[in-house]
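Please go over the structures that come below.
Two complexes are shown next, each including chain A; its partner changes from chain B in the first to chain C in the second.
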Partner chain A sequence: MLPLSLLKTAQGHPMVRTFTFPRMPLHMLVELKNGETYNGHLVNCDTWMNIHLREVICTSKDGDRFWRMPECYIRGNTIKYLRVPDEVIDKVQEETKSRADRKPPGVGRGRGRAREDGPGGRQPKGAGRGLDDSARTTSGGRGRGGSGGKNTGGRGSGRGRG
Partner chain B sequence: MSTGPGLESLVDQTISVITNDGRNIVGVLKGFDQATNIILDESHERVYSTKEGVQQLVLGLYIIRGDNISVVGELDEELDSALDLSNLRAHPLKPVIH
Partner chain C sequence: MSGRKETVLDLAKFVDKGVQVKLTGGRQVTGTLKGYDQLLNLVLDEAVEFLRDQDDPLKTTDQTRRLGLIVCRGTAVMLVSPTDGTDEIANPFIQPDGA
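Up next is the complex of A and B:
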């Protein structure tokens, strides 16, 4: 399990069900490298661990001063650690399980299938690099199929990169 | 027993982490990534001092950012449970100086 998917799960389930507060927003604690801590509800996070919190209480390094703020945005690289409610880890496991059920691995559409007709996808007009001699004609066009009807200069044949 | 490089072999095992600010956190490794960010479950901090025994503070579920990690070590649970932490005195670690 990736740390950032745990964090993402914490964001995806903003409400934590507890006995006394059936829909309490997920509260988390963030300590920064400078020792300040931020307590708040997680609104959003991204792959750099940048974090958007609401209803924040900031505590100074020595823990003797407090600030309340409606929201704040924390740059990921200033974070030392995050304390997440324990129940979030079970949510990740549920989520990965259900995702695995839905989509068996390895059936996705491959990337870059269109590449199989060789390198040199974007040759400059006229001065082709000649990687594909058989397809080269006087027009010098953009790759294959350049022998006829190429003068429109549009897309159609070739590699789809008009 | 851990084998091979990386933390993969330590997943779901109890590990001991020393952070750059000199803390020692013990917990179960639940996950990690390329940046050595780690997920620690059921974690607690061990606070060392020369005046009294080791204090254990319960932390719970933690994500520790890789930037802040100095050492990750496997914990021998058998050996660890044989330790008498309440009678153990030690100097606290100093933070890493960059």
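Up next is the complex of A and C:
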């Protein structure tokens, strides 16, 4: 179980708000690195653990001052820890199960096969190069000679025409 | 799941309204939100900083300092909340006797 998937589940947790006083089934506690704690309903969170809380009660570090705020946004990297209701854990297990049911994508191995052929194709080349070292003059000579001959041949014909 | 939407909180609803911002290091500022971006950089107008106790920098005092128009850097923003409806209250947690 991943910490953030727990949070994601907690976020999607059914939260019944009825009449004047909303029930508070999902009351999370967030403690920041500076020691302040925030109690509230988790509205939203993201992959950075940035958190949006509703109906928040903020407690100072020493625990003797309290503030009420309708909502707040907390940056993920300032969080020390979170306390999550126990019932979320059952939900998250259900969710991971349903995720496991999904098929992972399969194919896409064509390249790997091509690579396997690659080294086989290269090896002769390497051997060929090795031979080239000993028989450079013949192969190199051929190449140069061929191209040179073509060029001169072209020029020659050109001259001939002119 | 998160998809394209990157912000947890849509700050659009706070624009031109009073917000309270806590910054890393302990500074606390309120002001009128004039602008923001996805990095949570904020533009606050008529910003007021709450000065802190010299002996205990974690405690804010009633003393304030007017800052005017400021830009809060997103990386330093720890917490954003609307000032509307934010009040200091008595201990709301029922303390069990003898605890």
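We take it that the second predicted complex is superposed on the first by the 90 of 162 C-alpha atoms of A that agree within 3 Å, B and C clash if a C-alpha of one lies under 4 Å from a C-alpha of the other, contacts with A are read in each partner's own complex, and residues count from 1 in each chain.
The criterion applied here is as follows: a contact is a pair of C-beta atoms (placed from the backbone, for glycine too) under 8 Å apart; a residue touches a chain by one contact, two chains touch by 3 or more.
Owing to the predicted nature of the structure, the values given are computational and were not obtained by experimental measurement.
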Exercise. Of the partners chain B and chain C, which touch A:86 in the superposed model: first, second, both, neither?
Worked result: first
Exercise. Is it chain B or chain C that touches the larger share of residues in chain A?
Worked result: C
Exercise. Is A:72 contacted by the first partner chain B, the second partner chain C, both or neither?
Worked result: second
Exercise. Now for A:6: first (chain B), second (chain C), both, or neither, which partner does it touch?
Worked result: first
Exercise. Which of the two partners, first being chain B and second being chain C, lies in contact with A:51: first, second, both, or neither?
Worked result: second
Exercise. In the superposed arrangement, which partner chain does A:34 touch: chain B (first), chain C (second), both, or neither?
Worked result: second
Seminar exercise, completed: Footprint intersection on chain A (chain B / chain C) at none
Problem set entry | chain A residues within the chain C interface of the complex | 8, 32, 34-35, 44-47, 50-52, 56-57, 60-62, 65-75, 78
Seminar exercise, completed: In the complex, chain A touches chain B at residues 1-7, 33, 49, 76-77, 79-86, 88-89
Exercise. How about chain B: which of its residues touch chain A in the complex?
Worked result: 19, 21, 30-33, 37-39, 41, 59-65, 67-68
Seminar exercise, completed: In their shared complex, chain A is touched by residues of chain C numbered 1-2, 6-9, 11, 20, 24, 26, 40, 58-59, 77-82, 84-93
